[in-house]
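Below are structures written as structure tokens.
What follows is chain A paired twice: with chain B in the first complex and chain C in the second.
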Partner chain A sequence: MTGIVTDPDVLRDLRIRSANLIDEIEEVLFRNQLSRPLSANLTNNMAVIQGLTHQAADLQFTKFACRGGLQGAILFAIDFVNYELMVAGIVEPLTGLNWTQAEVGRPLLEQVAKTIAPVGGAEAVDNVKGALDSIWSGGAVVFLDGTSGAVSINVGKINKRSITRPVSEQVVMGPHAGFIEDGMTNLSLVRQRLKTPRLWIDRMQVGRHTRTAVYLLSLYGVTDGALVDEVKSRLCQINIDGVLDSNYLVELVKSDRWTIFPTVLRTERPDRVAAGLLEGRVAIIVDGSPLAIVAPATLPMMMTSAADYYQNWMVATFLRIVRYIALTASLLTPGLYVALTTYHQEAIPTPLLITMAAARSDVPLPAVGEVLLLMVLFDIIREAGARVPTGIGSALTIGGTLVVGQAAVRAGIISSPIIIVVAGIVIAVLAIPNPELVQAVRFATYPVILGGAILGVYGILFVTIGLALHLASLESFGVAYLSPAAPIRPTDFKDFIIRLPWFRQTTRPAQTGYTDVMRQGPRSS
Partner chain B sequence: MSTLIAKRAKHRVPLKIGHWELAFLLTTMAAGQESTVFNSIMTPIVGRDIWLSVLLGMGLGALAVVIWSALMARFPREGIETIAAQLLGPLRWPFLVAFVVLMTVYAAIAGRTFTSLSAIIFPTTPPPMFVVPLFALAVYGGILGIQVVARVNQLLLFYVDVPAGMILSMLLMGQQRMQRILPILAHGWVPVVSGGLMMMGLYSQLAMVLIFAPATVSLQKLKGALLAAVGMIGLMAMGHNVGPVLQFGALAKQLAWPSFAQLRLIQVGRDIQRLDVFAVVLWVHGYWILVVMNLKASSLLLKRLFHFDQDHWILAGLAIAAYGLSTVVAATQDVLFREVQLLNQWIFPSLGLGFPLLLLGLAAIRGSRRKHQSARADNI
Partner chain C sequence: MTARGLERWGALLLLPIFLTGCWDNFQMNQLAIVDALAVDYNRGQYHVVAEVFNTMAVPAPAQSSPTATGGSNHSSSVFLEGAGKTLGEALADVSASSSRHVFWASTQVLLLGTGALQQGLGPLFGTFLHYPQFRSTARVLAVPGSAQSALESDTSGMEITVAQEIRNQDRYLHHDLSQGWAPRLYDVMRWDTEHGRSMVLLSLEKKPESKMNPQFRMDQSLVIGPDGRARGSLPSHDAMAYLWITGRFSQGYVAAGCPAGAGQTTIYLTSVSARSHVVVQRGTVRGIHIRLTGTGKVAGPLCANLSGLNMAANRRMVSLTMQTVDWAEAHDADIFGWGQQIYRQTPELWNDMPGYWRSRFPHMPVSVTSHVTIVQGDEGRV
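The block that comes next holds the complex of A and B.
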């Protein structure tokens, strides 16, 4: 081809292509540098690592010299290592050695590994990537001038908060320990509850850049092996740059992705994880997240609180019934209010109808407008309240209550009955124990209101049937989401709305407890 | 989906429909009609003896189940289209096409009936406002699969309909008098038989089980479940049809929608009344299931006849056709009732009972019996 290209589109295309090509070349070069073997030249190794990390501010090379004169350096990540341990366990012993430059060539690093690092463990590192991987895990990498390779000595320090109460799943009676952000601590919390060799823990690393440790927990002999294999294979298929919380995995591994309803249970409670494992489910603990995942999970499971099992079974049953009433009320009440006041006034008792009509006489908005306005206002206040610090939160609550409750009614923008309805459902929705289900119900309330506004009770029914169809079509790792309600599974009714006493719960849930069905031997029941 | 899903589905969550799930679907389908349009047609004909018609219908319904079960036992895991192909050859086409047409037309009539009912509460709202969402939900349900519809049906049936029905019945009991069904057979047997034929038509609609049966989990237990469905339908029909007679006596014959008129009389305490608006729950559920079942059965039959991979587009097409028909059939309520009566007294029994009986007879004569059974691969 001859001549000069002048067409601007072609030029732009060429520019983009060449930029992409440069990016690709740079990526290849970067990967080559990462996999490059560590050389015997100390200065060279330092230069390569500093170049690759762009002289990251949290990386530190500390040079030292042995008493005999041999030069060396320690590479570590600031605040990832225990300084006292590193100085006492590595720096001081190394500087006290009589090694000279003439001794280069001997397996000095092996000796370092054997003699200097007896506590935290040590491993040989061959390339740049290995060195960088180990320092992010709390390792101090020792280089000796003239000796190729390096040795990583574990002197890690874990930055973690202490174990506290679960924020979203508190109980009055029962265990108060909640998960924290450290994966190993969370594992130990589960292990404390299941001291059995049957508790199998598979470790995986997910996230190209975050390299997040993910632990898959199952109870051998109780959990269906196929379920474990399936979850493992779904986790292995994940190819994402980062996993910063367990919700990343939830969205990537769950069966039905296009739904607002939670199809796996995320919990802060180690006892709920242990209970799930005893029911034949699997659990996933993600390093960096205080929320573990339990799967498969059903809607009735989301309506269950850990407290149900720590109090009298009859009380627990009563509270479950109350929760289901709260669920139904929070979903349907605003829509029903709109439908009844707009289309079916005859169904409202006359004295109440008169009171409501009087209250609404000066309100310029139709019932649906009132309800939507107030629902959105409440959602805004709730959303704002969830973000602000505690001190401002109370001011926000007072402000919100005054503005919405007093000023709006006095100004004639909304009527007082609607405040009772919306405030009622705001409280009712909080009776649902699962925060993710609460959000889903809040979302689902709006179509019901619109249905009620357009077609009265008919509209509510149409929307409800559509919602029920959606819920009935959901599955969590092969288990129907509405089970045991639909499909009806009478054997699982023992722990559905009614929570039977433990002496009547002799078998695991039929939906999950597949391998070993029995929970109790004949004596305990 | 993954092998796990398939494995778990095989053991726990059936991809196909359970025999009880199917029985409950058929029960709801029939209950929606017998509490509304059947009640309105049969009460003027039979009057006080309506309970005898219901009993007669139950007997005929049980007989129909025996015939269908015998056919299914001879040809296990076979749909009506393959049974007909083996026994009738090319002659099967008129019958099977008649099945599709009848079910689609009946879905349209269900839409029209639903409009008529809804007009009681919303007299000025245009009919499409009710029928379009009803058909849209039917298509959505049909596309998700009959097992999903069955799950929703169970939810509504056991957690809404049955408790609501029981509460409403209890509230009505105080106003009902048993002696209002007397005298028995005051007008002879003819009206009772006529009503019984209507009930037979209702039961004949369950012949769509011959389309769904190959996809049921347990064919052996299907007969028992169907007989139970006959019993449940009969029991509900008894309540729905006898209730207005016990309430209004001979006056029930003159009411357009006797069971609905009955609900309007409910009063709790001084101020709570007009709970009839909540009865909408029962008929929306019943008519939605009726439309889904008829459209799904039709689309499934067409899919199998023409060897399509899936029936989503057929279902949508049939729904549009049924919607179009629902706007033109039955200009008035009287015409609507006549059409329903005609279909149920003659057409449904002919196809739902007569055709399977013909196939069973032919199979007996020719000694046809499918020995090896293999489950159909299609997912309903």
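The block that comes next holds the complex of A and C.
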């Protein structure tokens, strides 16, 4: 039975299905082309590769001829290879050979691989995919006319910057080296600190298109094998087209995905990675990212600076207490200001109340409006300051200060006490050592303000309880986010708010270092 | 915790939401911040005057510049008035008289006129107790006559409020003295009337035609009986002994007669303390014995040897103390808290004699001994 379909819904469905079918057919054809074996015909190989890559501008075929007349070509990616090395190490030896067109076959490629390959090594390539994969890794692929297959010779050049100070985790005393975008360099920085065969490094490749190298580091005998397996399994499950930074992996592998609080530690410091490994954690280094991942991580870890371990333990303890005060202040102060000035004026000393009331006498906005306006304004200035070039940054600071600090008060848009409050928390929040926690606290401040505006201190209490419950519910690879505070673990208080001296820190953290508990032998303590 | 328990806790947490919320918030510039309150009673009505800070007179940071004078065109305070048959009605009337929300919590000074005191403290403080936002740290002062006249000042353009002026007097001139004289509201609320205690309120007076703000007056201090009504004014010469006995002040000057009729000299008491001993025999309070101890020095002419001056000074202190006790007994006002002392020492005895103390106190035998050591002061060396 035949007929003409007229129903628009059915037609639309058919159109979508046919479009999907075409896409699938194209994908299959593309894959077939990729896995196609390299033929003996040089021109044909060149045509296939150029067709597949749409004649990519950064790919170059250079033809050559041996002294004996054999034709060949070298395929490489511009700026991925050391050009001088390629010419001197591959092109010149090949053109000097007496091979003729009649001498075709596999042995020629093997000879190339064995005799003229530079130090970087060589490997045989059988199909188009193999050829393309190798050129993105710095290989020069040699084709010989009449010989099926090719040989890839590593003459790679790595574009990388030199090792510099970490941007977000600087210390006055202590090591100043920071990670860069090159994964191997980052591995070497960790290896310099852990010169032990127990440092195990697993290499994986993540990202269908980016094919990013990911290194999983663990300390054999110290890190729990189950933790390593878990992280490895989560990494293996990733099926994404590209990984451009370690944060891609963080969002894909971390335990609690719907939270603003960082549940893994991202650090630019190789010493923090080494310290994490010594505590029984794992680290992930992603090629192309200057930030390594340390997991599992807890909130107290985020409140810890690397400098804590490079200075007197009492000073470090004091600074940690100051940081916790700054954390609490930056989280609660704007909300408390709104609650006190709107609901609980009796809690304000009378002289201050009069001054504040006088300062607010001409302000049209309610206190919550003032606070939100100024908070958003400060966030805009801060965000803009993070983007603009250094030269314009000072102008921005002056502009922001003048506009917010002077003009807004004089114009009666905001009152002066609120500037003190917001400026205070802007400074206080910077005392938190972890930039991701800083962002989370900035975000969490807004619900506290709204809670204070709606229900006063009671509202703040509500939001704070909610926040505490949320934090207590988080975990990082099986470790409670608030540990050792919740669940309470007194043995780990040695490195919580108080940092005990090293001679008292004889054991690893119980939450991660249970495989090899003792950190120091009896003599050192 | 069971699910039912969780539900109960959840309900308890949620319930207070209905007690407060964004519907009852006030921005600070909507507040009429009360600094002082004067309460009078006449013609069957309570009259209340609230002195409110004029925030317009406070220089805002936006106006501050080297040329600005800080709101000198404005008076530092404005007055809100209200009247009603009860104090609550009068306070509500004050609230209604302002377009702003009257904010009682900052009240620092509470002036009570004679008329209001004659009505008794019970209705006054009962009302304040029902105003939860009323701060109980306010100083309570008595005003002979009208409290309103003491509070209202016609010195417009003053940079401080009348209440601030009163507090400054308290702070700089009478701080130590007023500890025992001008109790805070919470002291008054905790006042132990049950055990027969009377209270002394420092008085404040504004001279009728003076431009000056009201001043403290010791000689007009009002004694409030256990029933909360005024019993009379404590004479100024009795004030010192009252302070010694209650342990609120340990210094003072007394005039001592020189032996052999050689005139008088002045003794400066540097440290005096008193200890009251309640004599109980066979289940009855037989009397009170007061023992004065301490030191003093001759501040006037050294008109006799120290031994003689010692005796004269101690005699004078005994007579001063007895005079004060006599005044208190005559006015049936246990300002020394002896009833309270009996209750604390022997509660079972107190419980066995309901109403006994009220009738016994006016006739209670009291003895005084003084052992104050007088030394030669700088003046006496001349």
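Methods note: the second predicted complex is superposed on the first by the 512 of 525 C-alpha atoms of A that agree within 3 Å, B and C clash if a C-alpha of one lies under 4 Å from a C-alpha of the other, contacts with A are read in each partner's own complex, and residues count from 1 in each chain.
The rule we apply is simple: contacts are C-beta pairs under 8 Å (C-beta built on N, C-alpha and C of every residue); 3 or more make two chains touch, one makes a residue touch a chain.
Treat the numbers as computed from the prediction; the structure is a model and nothing was measured.
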| item | value |
| --- | --- |
| Chain A as common anchor, with chain B and chain C clashing or fitting | clash |
| Chain B versus chain C as contact partner of A:34, first or second or both or neither | neither |
| Which superposed partner A:204 touches (first chain B, second chain C, both, neither) | neither |
| First (chain B), second (chain C), both or neither touched by A:356 | second |
| First (chain B), second (chain C), both or neither touched by A:456 | both |
| Partner chain in contact with A:343 - chain B first, chain C second, else both or neither | both |
| Residue contacts with chain A in the superposition, chain B compared against chain C | B |
| Chain C clash site on chain B (candidates 6-14, 24-32, 78-86 or 132-140) | 132-140 |
| Chain B/chain C common contact set on chain A | 343, 346, 350, 454-456, 458, 462 |
| Chain A partner contacts - residues on chain C that touch it in the complex | 13, 16-17, 20-22, 24-29, 31, 33, 35, 53, 55-56, 58-62, 103, 105-106, 108, 133, 135 |
| Chain A to chain B touching residues, read off their complex | 224, 226-227, 229-230, 233, 255, 343-344, 346-347, 349-352, 454-459, 461-462, 465-466, 468-469, 472-473, 475, 477-480, 482-483, 485-488, 510-511, 514 |
| Chain A-facing residues of chain B, complex | 1-5, 7-9, 11-14, 18, 20-21, 118, 121-122, 125, 129-130, 133-134, 137, 140-141, 144-145, 147-152, 154-156, 158-159, 271-275, 277-278, 280-281, 284-285, 288 |
| Chain A to chain C touching residues, read off their complex | 341-343, 345-346, 350, 353-363, 366-367, 409-410, 412, 416, 453-456, 458, 462 |
